[in-house]
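You will see chain A twice below: alongside chain B first, and alongside chain C after that.
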Partner chain A sequence: MAGARYLRGATLGVVTVAAVSVVLTPLLVMARTVWIEGGADVADILTARGLSSAVKNTFLLAVAVTVLAVPLGTALALALRRPNLPGRAVWRVVILLPVLVPDFVLGYSWLRAYGRAGFTDDLLGVHWPGVQTPVGVTVVVVVNAVPLVYLITAVGLAARSEPAMERAARVSGGTALSVLRTITLPLLGPATATAAVLVFVLTLGTFAIPQVMGSPAGFSTITTRIYSNLARSSDPLAFTEAVTLALLLVVIAVLVVAPADALLGPRLRVTRVATTDSTSVAGSRAGGRWAATGIACYSVLAMGLPLLALVATAITRAVGLAPTPENWTLDNFLAVLNARNGEALGRSVMLAAVAASVLVVLGGLVAALERSRSGRGLATLVSLTLVLPGSTLALGLLLAYGRWLGGTLAIILLAYIAKLWAFAHRPISGALDRLPPDELHAARISGAAPLTAIRTVVLRPLAPALLAAWLVCFLTALHEVTMSSLLYGPGSETLAVVVLNSAELGQVGVTSALSVVITLVLLIPALGFWIAIRGLNRGKASLSPVPPVPEPAHVG
Partner chain B sequence: MSADTLHVRDLTVSYSGVPALSRVCLNVAPGEVLALLGPSGSGKSTLLHTIAGFHSPQAGEVWLNGRRVSSASRSEPPERRDLAMVFQNYALWPHLSALDTVAYPARRRGDGRNVARAQALVILERLNVGHLADRHPAELSGGEQQRVGLARALARRASLYLFDEPTAHLDSHVRGVFLAELVTRQRDTGAAAVYAAHDAEETLGLADRVALLAHGRVIQVGTPQQVYREPVNELAAKLTGPVSVLTSPGGSPRVLVRPEWASLDGDRDGRVVEVWFRGPHSDYVLVTDQGTLLVREPGPPRHERGAQLTWRLSHSWALRESTMTAEPSVSQLPSQTPSSVAVPE
Partner chain C sequence: MARSGTPRKFPIMTLRTSFARLAAVLPLMLIAACGGSEQAPTTGGSGASDISETITLYTCVSDTTIQPVIEAFEDDNPGATIDLFRAPTADLNARVAGDVRSGGLQADVIWACDPLTMQDYVAQDLLGGWTPETEVAEELRTEDYVGVAVLYMVAVSAEGVTPPESWSDLTGDAYADGVVVPDPGFAASALGALGYFSQDPDFGIEYYQALKDNGAVQVSAPDDVTTGVAEGVYKAGITNANSAYAAQNAGSPIEIVWPEPGAIAIYGPAALAADAADSDTAKAFLTYIASEEGQTVIAEAGSYPALEGVSGPTIPEDASIVFPDWAALADQKDDLLADYQQIFGA
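For the complex of A and B:
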């Protein structure tokens, strides 16, 4: 027993030190900087010309994206639950595509598809002038946010509004529509609200899409303004303004999240047993066809055509030429394949792999500590990092450790750990919640010491969650550009930063080729891991009819 | 046929190619209670869900009150069928109070909120749970939840009630009370009912007729006494209660013996290998020349394990080996086949 307590104490110590150094210290240092150095300037900064429009743009963008993405994602989740939807398995994967495509690639691909001298312009002579305006930015951020809403509501549908409840309503005389209104949507309420809060907060911190699509046309948000302020690093006032803005972003996020959490938290924490069968009552066949057609149109317009345009630009000799075979070339790819970019790619993959591995350990430790009272506060702190905008974290780390680590890969790694901790913690914690406590008890009563019990009966059922957490962290770190673009120095550019810089230099063909490369770099490991996780889950499913038998104890 | 509340003809349902029901035929007369008895996985829930309209059959038809509601080509949605259902997992809505749950069917019929709630309260009070009207499912015990589920079904005022193992998740002491309540209320309404269960004792007591289901097929239909005394095969016998199968030395068919059809002290020899005290009665497992035999006698055990004793048979039922492979035609099998068979010597 004393051994277990020592173990717990040591774990708590490690996790606390990590949380304090990567999250709390940067925030406190920022607050102190604004307090001391900003002083009287804060009032001036907040009333500066152009700044109020950036704050207003940020807020309006977040509201508009939330209002549009939440109904769209919910509708998709409901439609994809229909058992008679043609091509259901395919759409379920296609809808999640924006998760695998970095947001700056998505934004850039929309420019290539619908902008002037873009794909539709070359082929049909039509282009959408709005694509480079706030409207275009909003639409693409919505497309980027839809998978998140879809995932949260789909999980909510599977876990809360069990099909039996809809059947009970149908057999009580409700029509398909009235059951949706009176049973399904009210049961989905908490999940929808969670999705709305998350989308709002993540949109506040979104940087790459407004930067790539909006800033050439003069549309600025808080995040893009922080970025341009830091580029003018010689101006001390610009730096103070950036820090002030970063803190303002946190204040807005907390003002939204805190009341939402107080309202929703208790309801969300009620866990329900998920049923295996999450399909709805079969609807009409015509309805299924309409839904499938709608999803197909959305997928083609929002993702298919832009990504196709991106590839077409990458393999076409010059901008303005039609993407036909006689104009095809590999020059853009050859231009991209140089030593500098190769090093950037290696750095990105290495950084992402190290960050993901550290994060899975830290996330697992917090999930384990969460089961006791002492660890719960820590878990809350970790969950809160989800709403900390990347720009804020990056500036905080720069202020706290920039003197020693500025421009190195180490500071980028710290930023990834701070930003993605919640991403690693959530799936592991969820899997631990589903693990029946009796399985661990059975191992202990069979003679296993705490660590042996965890290794023999917890780790195996947890493997899919651990792998999923690693994958999510790895992919997100590989995408990451908000923090990297603020923190990188000579010799520490990541591939994402290279793509962003190339887009800003206006190298259309090269940027497209780089975007294709970075997307492929993401797709290949994603596919591999997806197969691995499916294999692990299938193994578990085939074992499930057998009652769990604790492994024979071999205690050290 | 049109006089029946429910008429199921040649119903065939499969899930992605795996058959769940094959050519099931059933009739339920107005006011009649038909019990569906079968092991888990036999297709009970599938049959109820197809009658309710949650699944469409691949072949066959469902008729309700002389109206065809399900066929391979067309399926009426559940809300347009004249039936109500009580679910195994209660299926109560976490966001609605007991009162609003029971008011739900009336609201869907078009009644105003106050009217529907007033009716719901009357039903809840009739089931002695009126004081729970404002509670949500999370604040109710299992027995209370299932009473609310029953109240919701009653509020539908249907001519057919479907009960999908409604007592499966109830404690045994709540189960009896709930079951008595359920039968009384269903009889009050004069409606017909289909009651799915895997517990023979509970089913035989409440049903007018019993249908035995195995591997998606109906293997026997009859009154509770018929299916208990004259099972069509060994599987049917095991579904309807404890039974022993004895061989006869003469090579004539094997016979089924219910525990109370045999008694201790008689003309045959046996040895006690197990004794169980069950409260009102005691069970003995005997090893005999003809096989292992379960004997049930009232009162506490009179013999120890290992004792040599004698026994006799008062009744037995010969297995007709040819019908061991159940054909669909067996489903409507009349029970006028030879009943009591002479004890094999």
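For the complex of A and C:
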């Protein structure tokens, strides 16, 4: 087994080099900067007026969003698993819509849909005053996070569930609820936990939605304070404060994620024989209809109306005009779709595809290493850059590599990898329970080369997870703007940078048009992926070389 | 980092210059200096200057303004190329901060959106030490940088609402629960407005308390103010004139007022990087944007020029202009922001 040991060493080497380059080095350089320039000010910064309430707001927001988004996303994944769910194919795509929209646009679309003088106010005379309060911020961050939870748990279900056991339990007289409680959810545990960690970290670092929606209520978080300091960072004190607060976020993330990963790690090392039976328990027809109604209501309220308001803004000549035909214009779309932007679009697609591909490899490698002692801590480590707001992470990379890579596509690529590594790693990690070492050994003993064994034994059951991870990284990178707008140089402008630069800043019509264009452009490949995933799921049973032998799991 | 020892009241240097008066004097100064402004810039000595390098420009002014300016300059100076990095102030400042700590400032020229940023960079010896010869008014320049564009903070009101005549009207009953202000922690122009009001004894920081007591709310940027008022979410607000006129010209139902005692002028200064002290191209570019020709291009692109006599976007005939005391504001901004956040924070 020298080959396997060699492979393992190489994996550890690649991941270590990558983690040191894109995670550890920027963080250490930031810490060094604070130490050198502001060592004496750190105490003042950490006791500044208003910081304690910002820390409290940040923490409560992250807890509330995690508590709400995880059950919601899990429920959606469970409901959409039912083969008899009316409109299942449509809902599976609709649920992912928020991933296609930059978060500040999602926040704005909610204000337009439910705020004063918004969509519902104009049509029905009712608006939701809470939309511009911490409650509104929480709700929209939840809507933004639900697709991630859904993806991770859906992938977890595809890889981990035991339909045969669920059917057996039902046949033996178990109620649907008791099957859910005693079989489905425990099996799904690791995927749910990994989704919770990801959502918590993501929310700690969320900036645009609290800024766009929370400002009228004076709702400040660590991230809005960081931005305010960056805006004044020509003053070295404000710069030091911005970097210090960013490191404070990292510390909070470590304190929460490290124990979670330590608890999660052993659960991921459960070994079971892979089943390839992905058909699920159908459930009653009436239950399916109820579930479909619930999903439809959620989709309309959380995404349908806000996105409709967004489209209305994109096709209306000026803000404040009624979105009636005499006020319609395509100018906002023309501003997005001009020749100069075509080049940037090509660049963005290429950059996002490369980033997503690298990320899936790196995410998979971390997930593989995580199962062993030597890989401990890596999962936590690669989540740390996710907590940094984009502008601060970009700043960290600039501090570390600006000397050599400033203004190049390479530094933007590094930023995407640093920001999205956890996005790629966690879905794969949540599904990796299916990696059966016995089968790997069997394949190797039967004469398969290490790579062949991995390809045939490991990658095939993981395909849905790998595709999901690729998809979410690709889509997020495609409309990313906060990091690239700080890092770009001549010849490395991304689409979002060019569009938002050419619009007078804050021109909501053009920004809305950008989101609509990205949504439409992406829905086509997204549909393609969905069909591919479906095909893989269907084909799996027939492709399976050995008939599956279901076996009780040893969980927890 | 709060500087608690500093007083809360500032020396008053607020200039209340009637725009008409200013406009009458400045063309005369222009004519007097007319001969010099057309000449190509030379850098002392006898050798012809070399305006054919590639220089890097960092700016936060809008793409619609900067692109025509770069195009015109490159047309006038074949061989000269300007690499542009354009970003909102926070990103621009973060980029500079990153540059400085990793191999040095990459820009040869910085064109910022407010003087506070420039003062900081000059204090760090990153910029300054040279300015082009220009007719730009003295209030809009120092020995280290020159104002090349101006933002005016004005009031906007929604359809069906009586427009305010003065800033203090916004604290009255007519605008109760309907005023929106931009966040000075987010936008430098809003910080300029905060600076002006706090420095004027007729207003003071108490003005913001009165606004808050009248039910005013804050949003992030001046554009959000314009959008919110245009959509009818708010009755009136404080925003910048460019954003307001752009919306109005597109058809948004808003009224724009230059309230008494005056619209607050926030000038966008440009300066030469210390490391580019020998760059003829960088100097030529600065000379160009501060010249009448460059100012005309800037004005035609939709920004307010800094040079009087160059006709730019709309300024009402009877409009008054006021200026914050930027030097005093530099020392006060942290305390001011903290005071402001006490009022408008949660």
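We adopt the following convention: the second predicted complex is superposed on the first by the 290 of 556 C-alpha atoms of A that agree within 3 Å, B and C clash if a C-alpha of one lies under 4 Å from a C-alpha of the other, contacts with A are read in each partner's own complex, and residues count from 1 in each chain.
Assume a contact is a pair of C-beta atoms (placed from the backbone, for glycine too) under 8 Å apart; a residue touches a chain by one contact, two chains touch by 3 or more.
Please read all numbers here as calculations on a predicted model, not as lab measurements.
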Original post:
Looking at the overlay, does A:371 come into contact with chain B only (first), chain C only (second), both, or neither?
Top reply: neither
**OP:** Would you check which partner chain A:116 touches, where first means chain B only, second means chain C only, and both and neither mean what they say?
**Re:** second
Original post:
Which of the two partners, first being chain B and second being chain C, lies in contact with A:170: first, second, both, or neither?
Top reply: first
Original post:
Which one hits more chain A residues, chain B or chain C?
Top reply: C
Subject >> Partner chain in contact with A:178 - chain B first, chain C second, else both or neither >> reply: first
Original post:
Now for A:327: first (chain B), second (chain C), both, or neither, which partner does it touch?
Top reply: second
Original post:
Once the complexes are superposed, what residues of chain A are shared between the chain B interface and the chain C interface?
Top reply: none
**OP:** Provide the residue numbers of chain A that touch chain C in the complex, in ascending order.
**Re:** 33, 41, 44-45, 48-50, 53, 57, 112, 115-118, 132, 211-212, 215-220, 224, 227-228, 230-239, 241-242, 317-321, 327, 391, 394-395, 398-403, 406-407, 482, 485-490, 501-508
Original post:
Which of the residues in chain A come into contact with chain B in the complex?
Top reply: 160, 162, 164-165, 167-176, 178, 182-183, 186-187, 189, 270, 272, 281-282
Subject >> chain C - residues contacting chain A, complex >> reply: 1-2, 62-64, 83-91, 93-99, 101-103, 106, 116-118, 120-121, 124, 158-159, 180, 183, 185-188, 191, 217-224, 226-227, 229-233, 242-243, 246-247, 250-254, 333-334, 337-338, 341-342, 344-346
**OP:** Using the touch rule from the top, collect the residues of chain B that touch chain A in their complex.
**Re:** 49, 52-56, 77-79, 81, 83-85, 87, 89, 91-95, 104-105, 108-109, 138, 149, 152, 155-156, 162
